[in-house]
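Notes for the one structure printed next.
All chains are identified by letter, namely A, B, C, D and E, in their written order; residue positions are counted from 1 within each chain.
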Amino acid sequence: MRSVKILERILGTIPIMIGVALVVFIFMRFTPGDPIDLMMGNSGNVSQQEVDNLRAQFNLDQPIYVQLKEYLGNLVQGDLGESFKKRRPVAELIGETLPATIELALAACLFSMIVGIPIGIYSALKQNSLIDRANMGTAFLGISMPPFWLGIVLMFIFSVSLGFTPVKGRLDFGIDIQHITGLYMIDSVLTGNWEGFRNAFMHLLLPAVTLGAAMASIISRITRSSMLEVLQMDYVTLARAKGLKESKVILKHALRNGLIPTVTVIGLEIGALLGGNMIVETVFGWPGLGRLAVESIFNRDYPLVQGVVMFYAFTFVLANLIVDVVYTYLNPKLRM
Amino acid sequence: MSGGIIIVIYILVAVFAPVIAPHSPYAGDLADRLKPPAWIEGGQWSHLFGADEQGMDLLSRILYGARISIVIGLLATAISIAIGTVLGLISGYYRGWFDTVVSRFADLLLAFPFLIFAIGMMAFLGPGFNNLILALTFKGWVEFFRIIRGEVMVEKTKEYVEAAKALGRPGIAIMVKEILPNIIHSVVVLGTLRFGYMMIMEASLSFLGLGIQPPTPAWGSMIATGREYMLNAWWVSTIPGIFLVILVLSINLLGEGLRDITDHRLKAK
Amino acid sequence: MLEINNLTIGYATAGGVVKAVNEVNFSVKPGQIVGLVGESGCGKSTALFSIMGLIKSPGKIVGGEIIYNGQNLANNTAEQWRNIRGKEIAMIFQDPMTTLNPAYKVGNQIREVLQTHRVIEPKKKGWLQRFNLKQQEKERVLTLMREVGISAPEQRYESYPHEFSGGMQQRILIAMGLACNPSLLLADEPTTALDVTIQAQILDLLKRINKEHGTSMIIVTHDLGMAAEFCHEVAVMYAGQIVERGPTDLIIENPKHPYTQGLLKSIPHITNTRQKIEPIPGTVIDLTKLGNECAFMARCPHAGAACHKHISMTQINEEHQVRCALYERGSEASGLQQAAGHL
Amino acid sequence: SNNGSKSTDNPNDKASTASTNESASVLVGIKGPVLSLDPANYRDRLTESVLRNVFDGLVTVDEKGVIKPAIAESWENTTPTEWVFKLRKDVKFHDGTALKAEDVKFTFDRILKENGIDGKTSPRKGLLEGVKEVQVVDDYTVKFVLNNPWPILLTMLPLQQIIPKAYAEKVGDKGLAEKPVGAGPFKLVKAKMDERIEMARFDDYYGGAPKIKNLAFDVIPEASSRIGALKAGEVQRIHDLSPSLSKTLMADPEIDVKTVEGTRVYMLQMNVQKAPFDNVKVRQAMNHAVNMDAIIDKILNNYATRLAGPMLSNAFALDTSLKPYEYSPEKAKQLLAEAGYPKGFPVVIDSDANNKEVAEAVAAQLRDSGIEASTRVWDVGVLKPMLLKGERQMFMGDWGNSTLDPFDFLNPNFITKDRANYSQYSNPRVDELLKQGATEIDAEKRKAIYKEAQQLIYKDAPWVFGFSKKEIEAGVKKLQGWSPTPDGSLYMSKASVSK
Amino acid sequence: MKSIKSVVHCTREEVKPVASSKQPVTSDIGGSSRQEPLIRVQNVKKHYRQNASFLEKMLARQKDKVVYAVDDVSFDIYPGETLGLVGESGCGKSTLGRTVIQLHEATEGRILYRNQDVSKLSGDDLHKYRQKNQIIFQNPYASLNPRKTVRDIIKVALVSRGITKHSDQEAELRQLIEQVGLSQRHLDNYPHQFSGGQRQRIGIARALAMKPDFIVADEPVSALDVSVQAQIVNLLEELQEQYELTFLFVAHDLSVVHYVSDRVAVMYLGQLIELAETTELFNNPQHPYTQALLSSIPVVNKSERRERIILQGSVSTPLEQPKGCLFQNRCMHRIGDICSQERPKWVEHNGHGVACHLIR
C-alpha cells in the first residue's frame, strides 16, 4: 500500500517533467538572442553563408513545432540533444559536472544540518536565554547575506589572508582520486586515499559553508520552533514521568517528532540549494552544474538549457520524493 | 521590535534621501574614483563612506539606494502576496478544477530553481526595474499560494466558518472577512522573510549582470559591482553590504516579532 | 504513604505570580483511592504533577512539603526523581491521543519503562543476554497488555498509537503505569476524553487493579459522579485551595462548603421526579487576582464580612475538613453560622 | 600554502638565480571553461589560447603580431590564388609519428568538408573562407588553393592546428576529442573541461622541450578569485585582469604584472538612422563631449591606447594622419546648437556587463555636456538583435581584430547591413572600398583603399571612437619566460620556474 | 424545555401549560403524530467518500473508502420540543445535526421543514431557511472568529436578516447581549477575552439574532465546567420558553440530556437505534446499547446507580458496514445468527422506537 503511494508519487512527477520540458522549450525559443550569433562572438570572419549553415545544422531554420516534435521525440528516447556551443551531448556535459554539484549540495546540506539542528535544539532548551538570542541573531545573519558576498569575504579571510583553505577548485594539482562516484569525499574514503580526502575536504569547506549558511539559519529556526512546540507535548512529559534521563527525553522522544517540520523544510530548500549554487560555484571555481546552467542561458544554448533545467526539476522532484519517504518514516501516522 | 525601529529609520532615510544626501547619487568625478572612507588615510569627510568606481559618493548612493532596494523588496513581496492570496483563497475554499489547475501550475513553477528561473526571465524580458519585479513575482507567489491554500483548507473546517455559513454569508464574504484575517499573519511572517530574500535575489542577479541598471543606485547591484574592488577598495562592496544585511536582519526580526505577537494573541486564555 | 503538607505552587507570569496550588494538605493511605475534584484551572493537575516533580517552568514549589514514604521529595536529586518516576509513582494522563509518542510502537513504549528501571536484571552482559533480556521484557509487556484487557497483544505490540482507539490508548497508558508495579498511581482525568461506555470499562479496570495490587491512586476529575462512585476519599478544590475534604459518602451526603453544595446542585440528576438545577452564579476567579480572602466569596450566597480574611481548614470531624468562614471556630460571624445551620 | 606546485617551495630563492626547476609544475588560472579538445571543433578564443600549448599550426604570430614560421619553415605566394608551404622535417606528434604533408591536408580537409566532423561541419570553417583546397605536393610540401585572391590567408593560419592523420582515423572524431594528439610543446594528460586541463612536457618538441614539466589550466571564473588564487600561491599565472586590480597586484613584490597591446577595439556606436544621431554634427559633438583620455586614465588606469579612428593602433593600413577628436565640451555644445539641439537630448547608452563601467563614465561626462545620458546593461543575447534591427540609440561595444587586418574588422562593422553594423552606417563609397579591400592582394593598394575608408568613417563619425585595452596578466615572480600576447594565447612553451 | 415539560409529565392528562404560549406536546400514546412536525428527517444518509486512486485500485486492490457517518435515519421533530440526541463519539450526531440545517447536503433522503423539502432550496429560499434554522457549536473556542469583536460577530447575523440601519442594529445588539446574560460593555471585546461559558453565550446570541425557530445545539455544554454548564442549560431553557424554540440537543452527557429533552434519540455508528420519550427511555431502555449506556453513567447519588453493564469488545468504525446489526460485536444479548445476518428493523410501540432483533 505504501509502495503504491510512492509509485503514485513517482508517476505524478511525469506530468511535471513534461510541463517543465515544454515550458523551457517554448520559453527559450521566445527569448530574444540568437544562439548562432552569440556563438560566433564579437569578432572574426563569419559569413552569412556560415551562419545559415549552422542554423540548418541545429534545425533552427525549422518551424517551432517541428523543433518541438523532434525535441520531445528525442526526449522520450532519453536523448537530451547536443550542446550548440560545446558540440557534445548534453547528457555527457551534465554527467561531468553533476558530481561536483551534488557533492557541494550534499556538503552544504550536511553542514546546515550539523550546525542548524543542534543550535535549534539548544536554543529551544534555553528559550529566551542570552545564548538563544545570540543563536537566533546569528541565524538571521545567515539568511541576510548575499551568498556571493559571503563567499568572497570568507575566501579573502580564510584562504588569501590566513591560508587555511584553498581558494578554488576541488583538488590540488597533483592529487588524484580514483573516479568511482565522482564525489571526491566518498571516492577517497572508498579507495583509502586519506591525503586525497583531506585535500578534497579542505576544498569543499568554504563553498559548503557559503552555500549552506542560509539553510543552516532556516533549519535552526525551524528546529527551534518545532522543538519548542514538541517540548510542550504530553508525550514528552510522559517520557519524563517514566523516569527517563533528560537526554533521552530530548533526543529520543522530542527530537524524533520535532524534526518532522525540519525535514519538510530541507526538502523545499534543496531546490534553493541547487538553484543557488551557481553563484558559489562561480566564486570558488567549482566545476558544477550551476555554472553550466548560467553559461548556457547566456549563450542561448537551447539543448543545454533544456537539459540542465530538466535535470534541476528532476532533482527537485526527486529530493521531495525522498523527503516524503523520510517523512513517512518519521511520522508513522502517514504510513498506511 | 528593535527590528521595527531600524526599518522605520531606513524608511525615513529612503524618503528623505534627497535632503540628507550630501551629493547627487548620479554625479561622479573620476578624480574621486575609489576614494576610501573618511576615517581611512586618503579619505575626506565630504565623502564619509568614500566613493565608488565612478567617483560617486558612496553615502549618497547608499541613501538613495535604500529607496530602490526597499521598493524592490516591497513590491516584489506585495505582488507575490496579492496573487498568492487571491488564488490560494479561491483554490483552498472552492477546490475543484480551479484548484487542480492552479496547483499543478504551482507545482510546475516550484520545480524550477528560483535563481535559474529569474535569470531565464530576465533573459526573456530584458533587464529593467519592471522586468525585475515581474521575474521575481512570477514565481514568488507560489509559496504564498501554498500556505494560504493549506491554511484555508484547515480554517474551512473550523466551526466559526460553519457558523458564518449557517448565517447565510456568501462564499466571498466567508473567504475575505472570516478566514483571511485568521491566516494573514502567517503570510505576513513569510512575507517578511521573502522581503529580504527578494533584495538578495536582486543582488544575485546583479552579480550575473542582470540586476538594476546603473547608475541607479540599488544596494544589490552596488554590492555586486563593488566586489571587483574587494582587494583595493573593500568599502565599495562592503558598506552597502552591511546596510543590506542590517535591513534584511531587521525585517526578519520584525517578522519573528510579528509571529510572536500574533501567536500570543491567539493563545491568550 | 503520601503526605502533602501546606503545598503552595506558583507560576510566575506577566500578570504576577499565580498561586495555582495554595496551602494544600492531603494524604493518601496504602490501597486508598483519593479523588481530586474541581473546576478547570483550579490547580488539580499542578498538584498532581508536583508529586512527580514535573511542574513545568515557570512553575515552582513555593512552600510546603511532599512526603512520600517518610521522605521529602522536594530534596530529591535528578537521579532520585528518575528512580521514583515510573517505578514508585506512575502517572496516567488525560488525553491518551496526545500522550503516546506517535513515532514509536506502543509495545516499545511500554518496554521502555521496564528498560529504564531495569526491572529485569540481565545476569551477564553480552549480545545474547541482551537479546534474551529484550525477549523477557517483551513477555512482561505482553502480560501487562493482556492484564489491561487488550486482545491479541502480540499483534498490538507492533502497532503505532494512531492505529488504536482512544480507549485502547488509555489502556496502553495504564499498562505503562503498571509496568513497574508502582505503589502509587496518579491519574489526571483519565477518562475525560473517552465515551461513557469506555469510561466505565477503564474505571472498572482501575478498580480491579486497586483491589488486586493494592495500588494507591489519586484520581483527578471534574466529574463529581465519577468521584462519588470510584473514590474512597474526595478533596474538592477551588482556585488552588482544597475547600473540603473527607470520605466520599460523607461529602456527597453532607457537603459543608457552599461551593461543594453549589456543585452538587448544578448537576442534573436522573430521577423521575425532576429536580431543578441551580447553577452557581458567576465564573471562577482569575487566579492572578487572588488575594488573601476567600476565593469563592464573589459567587457565594453566604458571603459576609468574615470572608475577607485568610481562612484555614476547619475540622468538622475526624475525617471531614472544610475551609470556610462559616465553620471557623470562634468566628465572629454568628449570622453566617446560623445560615449554615439552615443548609 | 598548500598548492600542488613545487615551484614556490623555497620562497627565499631570488628569481634572479639563473637555475631553473626542471620538474616544476605550473598552474594557470583561466576565466572560463575549455569547450573542446578537438582543435577543429570549437569557436572560442579561450579554448584556442589553452589548446595552442598542445597543438602547433603551420605558422604562428608573435607578441607584436608578426607572422612567424612554426611547422612550416617557409612559404611562397606562387599565384594570387596559390600558396606553397615547406614543412620542417623534424616535427613529431606526441604519439611519436612524424608530421608530414598528409597530416596537414587531412587537418584542413576535415575543417573544409561539409559535415566533416562527426556529421557536423567544423565551426572553424568560416575562418578559412578563402581556401578552396589543400594539396600535398610531396611529404614536406603542401599547396593551398584559394577560391579567389584572399590576402589574409597568412593571418588566419595561426588559428588552425595540425593533427595526425593516422591517429585521427584510428580513434575517430570522438576519440580525438577525448585524447587528442598534437605536435605542440605539451602533451595533454587529462582534461575536465570545466575544471582543469592537465598537460605534460613533450620532450621531442621540435622547438625544444619546454622547461616546465607539468602544466595545468584551472577554471576560475570570478576575477577576485583568480587574484586570490594567485596571491595564495595556488596558481602561477592568471589572465583577464581589470585595470584597477592590476594596480594593487603591482604593489605585491612576489607578483609580476605584464601587459600587451590588445586586439579589441572599444567604441560607442551611434544609430545614424535615428534622430538625433542622424545628424553628423551631433555625432561629431559626441566625439568632442567624451573625454576618452580621462576614462583611459582613471578607469582603465592607462592600460589602454586611445584610438583616433575606428582601427587598432598597430593594425595593417592604419591611417596615422587621423588625430583623435579633441575633448571640448564647448565645441560639443556649439555643434549641438548648430544641429538644433542646444538643450541636448535624452539618450540611453546600452552595453553588456563587461563595458558597464566605461558606459557609465561616458554617460556621466555627457551629462556634463547637457546631454541626459543614462546607461542600460543588457544580456548580449537580448541586445544584439535589437542593435541589428536599429532599435537602439547608442551602444558601448567592442569588436575583436586579432588578425590586425581591417578586413575582418571594418567590413562587418561598416558595410551596409553587415553583421556588426550596429550603428546602421551606410555609405556607398565605404561599402565599395571595403569590398575591394577584401580581395585586393597588393599590400600597397589595400593600404590606400583602407585609408580612404578610414577617413570617410572618421568624418562621418558613426562612432565615438574609443580605445584598445591592453591585455593584462599577472604571474608570480618566479615564473619566467611568459608574456601576454595580443591574441590572448597562454603560451607556456618558453616558461620556466626558477629554483 | 423541561420546566414546562416536567409539568406535562407530572400531570400528564390534565394540565395544559399556561406559562407559555407554545403548543403543548401532547405526548399521550401516539399523540405526537397528531401534531404537524416542524422538521421531518426521512431516510437521510450522509456518506463521506474518499476515492482510492486508480493505481491503488489496480495494484493494492483498495476500495473507495466510505464513511457511513449517517445511514438511513428518520425521525420527526415537533414544534417547541427538545429532541435529545446521544451516542458515542463519531457516531454521526454532528453530521446529522449539520445535515438537518443544510450546512451540507445529504447524500440521500429528504429533510422537510414545515412540509417543504429543503434539500432542493437555493438562493433566497435557502437563505430564509437558514435564518430560521440555526446552530450552536460544541467548541466555544473555535466557533467564534478570533479576529472579530463580539459586535461584529453578531452584527453579521443582523445584516443577514436585513437589519442594516445602525440604530436598529445597536438596539437589537443590546437586547441580545443582555438576554444571554452579558452586558453591553462586552460588545467590543474579542472572543479570547471571554471564558468558555461567556463565549457559549455569545454563540447563543448569534444564533438568536437570526430569530430562528429551530436550533441545533451540538454539544453546547460539553466543553464547560459543571457549574457553568448549569448556567447555559438554564439559559437555553429560558430562551426556549420565551421564543418557542425547538431544539435538537446533541450531547454525550446523559444526565444533561435527561434534564433538557422531551424525547431522546440514541445513535450508534450512523444509525438510529432507539427513540422514545425521555422518562420512557431512561426507565425502560430496550436496546442493549442504550441499556449499557445508561448503566455506565457515573452518578452522585447511590440511589440512582444502576447495575453496571461493562461492554466487551471495541467500537467499530463507521467505515465498516457489516452485514447484520452494527452492535453485534459488543452486544451482551446476542440471540443468534440473525444478529450477524440481518439489519434489525425499526419497530415502534407507543412512540417508543427501537432497532433490535430482540424487539419485535
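Here are a few things to note about the model shown:
Simple rule for what comes next: a residue touches a chain if its C-beta (ideal position, glycine included) is under 8 Å from a C-beta of that chain, and two chains touch if they have at least 3 such contacts.
The UniProt protein names, listed by chain, are A, B = ABC transporter permease; C = Nickel import system ATP-binding protein NikD; E = ATP-binding cassette domain-containing protein.
All values reported here derive from a predicted model rather than from experimental measurement.
Touching subunit A and subunit D at once are the following chains: B. Looking at the partners of subunit A and subunit E together, the chains they share are B, C. Chains A-D form the pair with the most C-beta pairs in contact. Of all the chains, the one whose CA centre sits at the greatest distance from that of subunit E is D.
Our note on geometry: subunit A versus subunit B, Cα centroid distance of 23 Å, whole angstroms.
In terms of their C-alpha centroids, the spacing between subunit B and subunit C amounts to 53 Å. Mean C-alpha position of subunit C lies 88 Å from that of subunit D. Among all residues of subunit E, those that touch two or more other chains are 195. For subunit C, no residue reaches two or more other chains under the stated contact definition. Multi-chain contact residues of subunit A (touching two or more other chains): 31-33, 152, 156, 282, 298, 300. All chain pairs that count as touching, in label order, are A-B, A-C, A-D, A-E, B-D, B-E, C-E. Within the complex, the subunit E residues that touch subunit A are 53, 55-56, 59-60, 62.
Those residues of subunit A lying in contact with subunit D across their complex are 31-34, 37-48, 50-51, 53-54, 57, 85-88, 96-97, 100, 152, 155-156, 159-160, 163, 166-170, 172-175, 199, 202, 282-285, 287-288, 291-292, 295, 298-300. Residues of subunit E touching subunit B in their complex: 98, 101, 103, 126-127, 130-131, 133-135, 137-139, 142-148, 156-157, 160, 192-195, 203, 206, 210.
Against subunit C, in their complex, subunit A makes its touches with residues 232-235, 237-246, 253, 256-257, 330-333, 335.
The touching residues of subunit A, counted against subunit E in their complex, run 1, 4-5, 7-8, 11.
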